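You will see chain A twice below: alongside chain B first, and alongside chain C after that.
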Partner chain A sequence: MLRFLLRRSLGAIVILLIISAVTFFLFYAIPRNPALLACGKTCTPDQLAIVEANLGIDKPVPVQYWEYMVGIFTGRDYPIGHCPAPCLGYSFTDNRPVLETILDRLPTTLSLAVGGAVVFLVVGLAMGMLAAWRRGTLLDKSLSSASLVLGSMQIYFLGPLALALLVHNNQVFSQPKYEPFTEDPTAWFGGLLLPWLVLATIFTANYTRMSRATLIEQLREDHVRTAKAKGMSRSTVFFRYAWRGSLIPIVTIFGIDLGSLFGGAMITEFTFNLPGLGRLAVDSVTKSNLPMLMGVMLFAATMIVLFNILVDACYALIDPRVRLA
Partner chain B sequence: MSSDTQVAAELVGRSPGQLMWRRFRRDRVGVVSGCVVLFFFAVGLLAPVISWLYGKDPQTRYGQIEPGLLNEFGYPVKPNGGIDGEFWFGLEPFMGRDVLTQLVYGIRTSLFIALAVTVLATLTAIVLGITAGYLGGKADFLISRFIDLLMAFPNQLFFVAFLPIVATLFVDPREETPTYVRVVSIIVVLWVLGWMTLGRILRGATLALREREFVEAAKVSGASPWRIIRKELLPNVVSPMLVQATYMLPNFVTTAAALSFLGVGLVEPTPDWGRMFAIGAEVYRADLTYMFFPGVAMVVFVVAFNLLGDSVRDAFDPKTNR
Partner chain C sequence: MTTNSPFLTVDDLRVHFSTEDGTVKAVDGLSFEVARGRTLGIVGESGSGKSVATQAILGLHSRETAAVSGRITLDGAELTGAPERVLERLRGNTAAMVFQDPLTALSPYYTVGRQIAEPYRKHRGASRRAARERAIEMLAKVGIPNPARRVDDYPHQFSGGMRQRVMIAMALVCDPDLLIADEPTTALDVTVQAQILDLLMELQEEFGSAIIMITHDLGVIAGVADDVLVMYGGRAVERGTVREVLAAPRHPYTWGLLTSMPRLTADVDKELVPIAGSPPSLLTPPPGCPFAPRCAFVDEVGDGRCAAERPALPEGRGAACHLTEEQQRTFYGERIRPRLA
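The block that comes next holds the complex of A and B.
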């Protein structure tokens, strides 16, 4: 296990290095003058000079990248101030270290992702199991059709719709907002409930479809048939053999989904105006805040790569045949 | 595919394509969803004809020209978003444009972008997937690692972050970005991260096909690699390609719409399906009806495409069970 984690972590670091390099070079090398892009359409020469100095773009791009990467481990000094150890650069819209802002926004994104994931995993798996258990019945068909239609919904349609019908017209939910969990757990829950449900609706549908399909596939497996033939009860066969076998694809997709959600659920955060990483990324794009975007991109990529490793480690827990070496 | 070729009851020789078509025709859900999909493409293609027959265009601000259509706050006077015999889908708040023609032209824009991305992504997947699978060795290793790398990119973030960058490739950031540059940039970013799934599938399929007897036979008889790829491999990967493409296209439509919703996609005055949701999200408190038609149209479109994809898959491979 240890060797596996070590090997995969090395691979992950390589991938992250490449991603950071690609992103960095695309951000800073392709635009004819990145400072101009960062400075926006109403840029005076004075502002431009400040931005250029802060970006350090008088040096060649590989040197800039090297300084950026060194800065992550040792910290870095900018004309506007010192940026402590894991330094992802300075944001030039509010002159704060990028990492500080990311850490500020992180709790919102984590709350949204974890809460949403609990809802879609529990509801999705339950509905999928129900549909597979009662395969071919009316219940199965209605669950499958519902998941098809709900899965084809888009958050940017469902979100405003839910806001209008459930918050604005009927006050079933309170206006979505983010309250830190540590300050007021009830307000935290109430403010995020609707975003969780909307976010989860789309995912739930996918999980229902997938868990139903893999369960049905598993129920046809030889070892499941043998267990049935031995006279084991239907529920034992279902849960101990078929369900466990169906977990591998579910865990795979769940890891991917959770990893990308931790990098910011952009559309959900935008729709409900929640100050998370996704919202931060969108704002940084409209303000052309390259260092901030670079930081969010690196963070999100780290999450995706990290969850990929976790998923592979989970395989060993689920399937005793898998040996990690 | 060749092993699937069953002998029909009356012992008529049929190509796999014909068999697929016969199976597809018998699938009622597939035919209906296929018709819905065709309807959307027809709407997109015939948008100018529709707006000519209907007598409106997507740019005229009817609500601002004709008094009595919008109230003092800029919302339609008539209930339900101003739907009546003249404006079938209602009026856009503030701008006062006709929603039906906006939607029809928006569908046209979105479908054009999605179609272009689908074609580009499929071609890329064919070239790289088949190269990796057929050559094996170093080429396979490089292409597979490349796919892994692209898969690790946070894709929504990538789209949002790189759209402006791609646009600056074509124009100076101080100048106004022309519409065609925006369209090309959207196509490029979606394309870059859109081909990997199909690429992996095609690589796997080619890898398996390479060892088959008919490919060996072609090799032994002296066929060039190009001929083997064209005559032996490509016809056998048509089915995963078609199936994957039908799943890809609605994805590109919704992703491009999401970009417009987030405010980084197409801008006024180009009619766009996704931007209608951005406007809808601004006005939902006073005028929820505005979002109704674009929203329902998109759900119908995506459902129809997914059902069509399932039917195409079943028609190609009747052994898969659902």
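The block that comes next holds the complex of A and C.
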């Protein structure tokens, strides 16, 4: 286990280094000088040079990248402010370290992701199991068609529709907003309920279909037939033998989904006007806030890499043939 | 009950699968009997219906896709159409099964001890501890060294032969009266095959179970079976004791099986004679004898009888063939036996 964690952490660092380098150099390939934006309309070459020095972009790009990476571990001082370690950059647009803004937005994204994931995982697996248990019946067929229809929906369609029907016209749900859990748990729950349900609807459909398909596949396995041949009841065969094997593909997809949701659910956050990381990323693009964008991307990448390691660790819990080394 | 009265009776068993292309008649009118303490060998090519027929005994086919008809009686109890609860109590308890490939037939997710103990707990109501003791006892009985330690290992930690021993331990844990072994040695090394067969025979002597041994290998049959049933295209084509069938086989299909089998004692330059053609379609079986399209003796019967009329399998010793018994004896003696020498 220790060797596994060590090896995978090293791998993760390499991957994150590559991602950070590619992102960093890509931004500098953009033919737009951030200093020109910060300097304003009446900008003399002298002023521009001062601004460039302030931003730290007067040096060669590799040197800048090096300073950025060092800053993550040691913190950095900019002429206009201090950025404590781990410094993911300094946003000149709102004069504060990038990480502070990310941490401000993180609770919204985490609440949205965790709440949504709980709903779609529980409901999706339950529906999939139900369909597989009653396969071939009307119930199975209805669940399968319903999940096909819902799975083909998009949040930017379902979200505004739900808002119009269930909030503006009928007040079934309260207006979606983010209220910190620590301040008012009820408001937190009420404000996020609709976004959770809308986000979960689309995922639920996928999880229903996937868990049904893998369960049915597992039910055809030789060892599942053996369990039946030794007199195990239908539910034991189903839940103990077939279900266990169906978990591997589900855990794989769940890890990827949760990892990317932790990096921000852009469309959902936009639709329901929730100030999460996804909104932050989109806003940073429109405002050309490159340090912020760099920080958000690095954070999102870290989440995905982290969840990949967690998924691999879960394999070992599910399947004793998988050995972590 | 005397040892020779039939313990298992299968009468006119039919297993039909409905598929998109039509009804597959995997087993189409099969009858046989097995007595306590006896071993019935069922031989045939892949697709001859051996496995399908024996799985029907335990009711393993899904009721949605398979239509099973006929009569299966085990120890006086009618099994066809029996409710699932009854079959559950029977499976792994009165009648157990050993499958072909122990790698895929054991669950990779649970220890062998747990998998062996499970039917014992369910059928005997044993405590967790007692079932574990029993699992260790069974592992020792099937010859697994250090059973008290290996009981907590997973199937992938065993070799192929050891895994099949685990499978046998699991099948025998409730001391079943009937053991169905579906090609138990096909996936194993030749040296291990003999060990597994010896083990089965020893255990049969100890437990007095009836055994159905499914195989495509006449060598296995010669080694372990008391009686033989040769299957072709979902039906039995020849029946007899192992001595009768191997000493004087009657059906041209059985002859084909014998001449296509390599022997160590034979001249190395002697060519093996495969059975020409391929097994019959189970979807649209030919109207006459299912073996007729591949049979070299159709002309000896003449009149196109083989293609038109399905030969019946007589009671007891005999073959489902239009050749007269006299012809069967003559052709085997003159044309087939010399090739086997």
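By our rule, the second predicted complex is superposed on the first by the 302 of 325 C-alpha atoms of A that agree within 3 Å, B and C clash if a C-alpha of one lies under 4 Å from a C-alpha of the other, contacts with A are read in each partner's own complex, and residues count from 1 in each chain.
Keep this in mind: a contact is a pair of C-beta atoms (placed from the backbone, for glycine too) under 8 Å apart; a residue touches a chain by one contact, two chains touch by 3 or more.
For clarity, every value in this text was computed on a predicted model and none was experimentally measured.
Student: With the two complexes overlaid on their shared chain, look at chain A and say whether chain B and chain C clash or fit.
Tutor: Once both complexes are aligned on chain A, chain B and chain C fit side by side.
Student: Going by the contact rule stated at the top, is it chain B or chain C that touches a larger number of residues on chain A?
Tutor: Comparing touch counts on chain A for chain B and chain C gives B.
Student: Please indicate which partner A:221 is in contact with in the superposed arrangement: first for chain B, second for chain C, both, or neither.
Tutor: In the superposition, A:221 contacts chain C only.
Student: With the two structures laid over each other on chain A, which partner does A:196 touch: chain B (first), chain C (second), both, or neither?
Tutor: After superposition on chain A, A:196 lies in contact with neither partner.
Student: In the overlay, answer first, second, both or neither for which of chain B and chain C A:286 touches.
Tutor: first
Student: Touch check for A:157: first (chain B), second (chain C), both, or neither?
Tutor: first
Student: Could you tell me if A:188 is touching chain B, chain C, both of them or neither one (first, second, both, neither)?
Tutor: neither
Student: Should A:78 be classified as contacting the first partner (chain B), the second (chain C), both, or neither?
Tutor: neither
Student: Counting only touches as set out at the top, which of chain B and chain C does A:272 meet: first, second, both, neither?
Tutor: neither
Student: Rounded to whole Å, what minimum CA distance do you find between chain B and chain C in the overlaid structures?
Tutor: 11
Student: Which bits of chain C are touching chain A when the two form their complex?
Tutor: Against chain A, the touching part of chain C is residues 58, 60, 64, 84, 88-93, 96-97, 99, 101, 104-109, 118-119, 122-123, 154, 156, 167, 170-171.
Student: Contact residues on chain A for chain C in the complex?
Tutor: 136, 221-234, 241, 244-245, 318-321
Student: Under the stated contact criterion, what part of chain A meets chain B in this complex?
Tutor: Touching chain B: residues 15-16, 18-19, 23, 26-27, 30-32, 36-37, 41, 43, 148-149, 151-154, 156-157, 159-161, 163-165, 168, 213, 216, 260, 263-264, 266-267, 270-271, 278, 281-282, 285-286, 288, 293, 296-297, 300-301, 303-305, 308 of chain A.
Student: Could you list, by residue number, the parts of chain B that touch chain A in their complex?
Tutor: 148-149, 152-158, 160-165, 168-169, 172-174, 250, 254, 257-258, 261-264, 274, 277-278, 280-281, 284-285, 288, 291, 294-295, 298-299, 302-303, 306-307, 321-322
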